[in-house]
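Read through the structure below, which is laid out as structure tokens, and then see the notes.
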């Protein structure tokens, strides 16, 4: 009986050691997971840190030089006069065409004078952490170095940043063109990859007999999923940009464009890139449709396609869509293939068709990290936040969609 | 019509300024808002920022068409202009080479590149802020630093026995070509430019990038680093880097203008008469470029071209449009 | 043993020297079996002896299992359903199937029943035939007020009857049932058994079951399968249910029925 | 019901007013049960009545099911195994388990048996105790020449005996078996039943089975469980197997045994 | 006895000669089904076309590259200098730095990723898992250009702070490798976690039933049982690291450098391709052709890894019923 009084195992040193080991490793495993999550936090914080902070602004023309009275106290006529005097005639006309000066309020005109004539520009910028911890030193240094400058808190991520197009001046640059470029590329990518990918998945799961060619196709898709994206870039460059440049550049439509560095080429390249991922995900989703559902359908005398179209696809759709959205998130963030396919570094117009030249968010981020001025680093961080928000909303959308469809089915 | 700009006649070096007043060539005024269509330029990372600045002004002044500018190096720019014929304008920090011209001629329809001088640059040699031994170099020292020397002390025994970390523009950049020609080929009297390049590229610890920021950050990050690039990038980074003078001449407006500074060089944009005629927006843009470049060039960080050179460019434009 | 009956009525479906293979593995061998129309035939036997395999071969459901193939003959109204120019889709319309786990479509109750009609080209108002089928399956009273509800919202027993209604709607001649009650509670089980009895007036029913009591209670004929030493399923004995259970001719049948193994 | 026997020998393990919950759902209620040492006790009952749940509570295997909790007491040699200071690892060493599906580790046959010894700190040459355990499990002769082969390469019945050998190697007092034969063919089943009989000389065995014949054949005591109206499992009857099968006291037991439902 | 029945019945039932199949069983031609199947096959075939495209394009341009009289295959694999524009064609410096960054990345990603996977599948409650897993997947979804930026603006300064500015170059393979490891970590943990969760519960129960602790069960039973999936995850991670471009393009440096010093700048194969194709080089130059040759090497290496992964995981796959 004696040996059973010690179910707690207190006298058993071996057991105690085992429990101790178990605890130590538990801590290690836990720490690994925590480390991954802490890194994610650091990553995001370090980006946020650069997207906000104090800046030192300096006016290109001091307001006192334009008028002896403060601008706010000037009449509309005086303000218009100032504009007329200080702007080129073409610029003056352009602004007038956007909205006639006479139709603008006095406050608007004051803003306009500040933006067009006084033109405060950022001469120095600080990261968020420094801005908070060393605010006074920054103030002191700014006062010494830029006697006419003033310090203010600036969020590089702001509405204008999203709506403005590109500029070589960081504080005037925005990501609108890049966002549109990314969206256009994604559109092409989805239009091409989704039907093809789902079609291939259906073929492999429902039709393909296990013969040689189908085995080759399957193996090949698995292999393609592991091919580095830059190789797809090379493929896109060789085939879509150069080989088929006449078509992808819209030359065959008489657009006069030559060279295929267009949205179409980028979209097609991305489509090839995500196709294997999409197919594999869709295959999994289709495979997850219970066999009983297919059997029920066949048992009623349904044909193969009727079964697939009415039962298999609707049931697999949430899974397929989730996989598609994940593949799209991959495509949105891809940079290397776009570099090869020839994204533009500076472009002022939103793309208007698939034959437009383009830039995309990650390309923009990459370009900005390579510019010399510090402020470009700030807007690169802001653009990263835009990209992350875009990705997160896509993922959230994927989850919502999945939940919606799952609810409908059950 | 007579075509300006045979490459041989192209000054590969900034011309001596002529103090004598030259007759101003008047270009017709452009109203950007009246122009439509797209303009596509690509090329030099030196000229790129200047073109971008002008493009922005052009848009501010009412242009509503599409403008694109790709920074891919001078050689890359000529590739797209002459080989694939994609671009309307090539930005260049050196004159066009014969084989590039030949490519242009092979295009269908053939292109005949016309150079428009837009400014002057001074390739600036930069070192780390903490570098306290290097304020000035001779051409010969410079040649050694970027080629055979492994340590600073190999060039000058007074300098520290530390390895030299070199940061140079990529092999397809005009800057690299220019540097190879004026720092290596000419002083060492080498027959071929390629030999000079080879010497440069064979040097240890050399990082080459088309991306000037890689160079800026590289030099900024290493006490014993040295690099070079267009003056504009240096101007942006004055508080992070030190510029050194060559043969006791520091890069500046005056020394570049006068050509006294060893590495002052002309900046160009290239286009073609047929394009200018077919695409009025391109002609208008170049007109606008030549008219307004002096307003922004110092802000971007380069030096204006001499009046004479600018006038010649304007004249070339007028000729091309005849 | 199937004597007088078979002589009077021709079999509606019959297997002749049927062997079924999964790849190289022969899962079932040399089955000869004639199914008497408008009767309930039960197939019993230990797990893995090939009951489901045989049943599914009767309406070419095995076509969907890769590398499953059949030798021998299965004739339906005298025609070998494995002939080249026979359309398996047509076969399955004539020979419906109900599965072990109730598997309604993730659609409304109405659509579950109507779908089979729709794909068979029936147009217009389907409420008449749907009601008909649901009534036949003894489900109408329970669901008539919420035909729009999902088929999955029903209880297990109701789901199974819905599956039966669905199968009935396309007017098959034969209904195959593979352990249709094994996922159901005793009360639902009894309901289905009653229903089968009712349906056997108009349909021929073949049911696979694990449960000997069920076979004894609910079937007219019983086939007992077991595994041979090579793991292939064989039919040991086939005859009227009352005979098989009271007077088994084969030692193995007897052992199984008396629970000596299984 | 368990009268003279229990009075003479103290129970090796016993449940007192045992209730087991999954979250809020009470899966098993008010079970009182004393297990007689060195005997085979069978637990039978319809699916879902909580047989496995009760069995797994005997060696705290339910600890791994999130939100499963136990009220009442289970005493092993007089100590409540759900006491705060009891080490469940110790408990499971003393009370081994064999599962429904054979689940050998993906290791060699030798390592399958030796692993339990190794983690318990046994060092050196383990071939002696491994051989011992395999012999006890009546598997030695079949595998002695290829102990290096993977445990998964064995047939189902051999795998199950390997799992028994594995459990025996760590020298438990009690072996719990949850439908150990339901995945096996009749011959393998009989082998395991023989083995159980053999083992009951040295061990106490508790076996859950679906198969009444098996319970009747192979056990000394039988507990019959069923579900109450609130879906909670209850123990209806518990006693010597011969009594239960020949003379059930409860109507529900009788119905179940005679195959009227289930 | 069965024979008996059959003989008996056979003689009584008349077998009609099934000359023509009756209408209700006869085969119909369903053209739409055939067309659809054709289209679906084409969709599958696109992937073959892609591969052919890759092999053809890479092969064609690589041939041009190797046709260059200055380039010899021997030199390609043995020369330690890579400067195609001056006739130095040794892939070694690019290959070693690829190796170096990959190695560093794996030192981070594999152990930490596997540990996290073990934690998630064996220790974390299902609630914790449902929160932690998506968070890790966010980490996997962050574009690599962001990681590159992170490496340059955060990791490198941290490293220089630790090891000294004079030792760590501004562009260095250590920073790129570490950040690449971070990027790949969620891939490893997610795939390994899937493999671990796929191990049947019965195996864990068997282990616990023998009186093992959580650690013993996890490490000695579950991990070996999931080995095939874990190996696959590891190898895919390696091939991701080899093919990763933006992080090294931004943070590792941009000049080939034959070194094993992780503090030094060195360009990887992918970094080189990205830089050269970023526009600085003209078509038909040795530089341009060389990116295809390097692409081909990259393709073959990752292809080989894929195949290896499948081989290994097939070898270690255990089939549970």
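Letters are used for the chains, namely A, B, C, D and E, taken in the order the chains are written, and counting of residues starts over at 1 for each.
Just so it is clear, a contact is a pair of C-beta atoms (placed from the backbone, for glycine too) under 8 Å apart; a residue touches a chain by one contact, two chains touch by 3 or more.
Here is each chain with its UniProt name: A = Phosphate transport system permease protein PstA; C, D = Phosphate ABC transporter ATP-binding protein; E = Phosphate transport system permease protein.
Computed from a predicted structure; not experimentally measured.
Student: Count how many hops through touching chains it takes, at the least, to reach chain C starting from chain B.
Tutor: Tracing touching chains, the least step count from chain B to chain C comes to 2.
Student: Which neighbours does chain A have in common with chain B?
Tutor: Neighbours common to chain A and chain B are E.
Student: Kindly indicate the chain pair that has more C-beta pairs in contact than all others.
Tutor: Counting C-beta pairs in contact for each chain pair, the top pair is A-E.
Student: For the sequence-identical pair chain C and chain D, what is the superposition rotation angle on Cα atoms, to the nearest 5 degrees?
Tutor: C-alpha superposition angle, chain C on chain D: 175 degrees.
Student: Most central chain by CA mean?
Tutor: Chain nearest the centroid of all protein C-alpha atoms: E.
Student: Taking each chain's centre as its mean C-alpha position, how far apart are chain B and chain D in Å?
Tutor: 86
Student: Can you compute the centre-to-centre distance for chain A and chain C, using the mean CA position of each chain? Integer Å is fine.
Tutor: Chain centroid spacing, chain A to chain C, equals 56 Å.
Student: With chain centres defined as C-alpha means, what is the inter-centre distance between chain A and chain E in Å?
Tutor: 23
Student: Roughly how many whole angstrom separate the Cα centroids of chain C and chain D?
Tutor: The computed centroid separation for chain C versus chain D comes out at 37 Å.
Student: Where in chain D do residues touch two or more other chains at once?
Tutor: 89-91, 94, 119-120, in rising order.
Student: If you look at chain A, which of its residues touch at least two other chains?
Tutor: 18-19, 303, 342, 369
Student: Give me the residue numbers in chain B that touch at least two other chains, ranges are fine.
Tutor: 70-71, 84, 211, 214
Student: By the document's touch rule, what are all the touching chain pairs in this structure?
Tutor: According to the stated criterion, the contacting chain pairs are A-B, A-C, A-D, A-E, B-E, C-D, C-E, D-E.
Student: Which stretch or stretches of chain B touch chain E in the complex?
Tutor: 42, 70-73, 75-76, 78-79, 83-84, 165, 170-173, 194, 197-198, 201-202, 205-211, 214, 217-218, 220-223
Student: Going by the contact rule at the top, pick out the chain B residues touching chain A in the complex.
Tutor: Going by the criterion above, the answer is residues 31-33, 38, 40, 48-49, 52-53, 55-56, 59-62, 65-71, 80, 84-86, 211-214, 216, 233, 236-237.
Student: Where on chain C does chain D make contact in their complex?
Tutor: 46, 48, 186, 189, 212-213, 227, 259-262
Student: Please output the residues of chain A touching chain C within their complex, sorted ascending.
Tutor: 209-210, 290, 292-303, 306, 310-311, 314-315, 408-410
Student: Hey, which residues of chain E end up touching chain B in the complex?
Tutor: Residues 83, 85-88, 152, 160, 165-166, 169-171, 253-255, 257, 265, 275, 278-283, 287.
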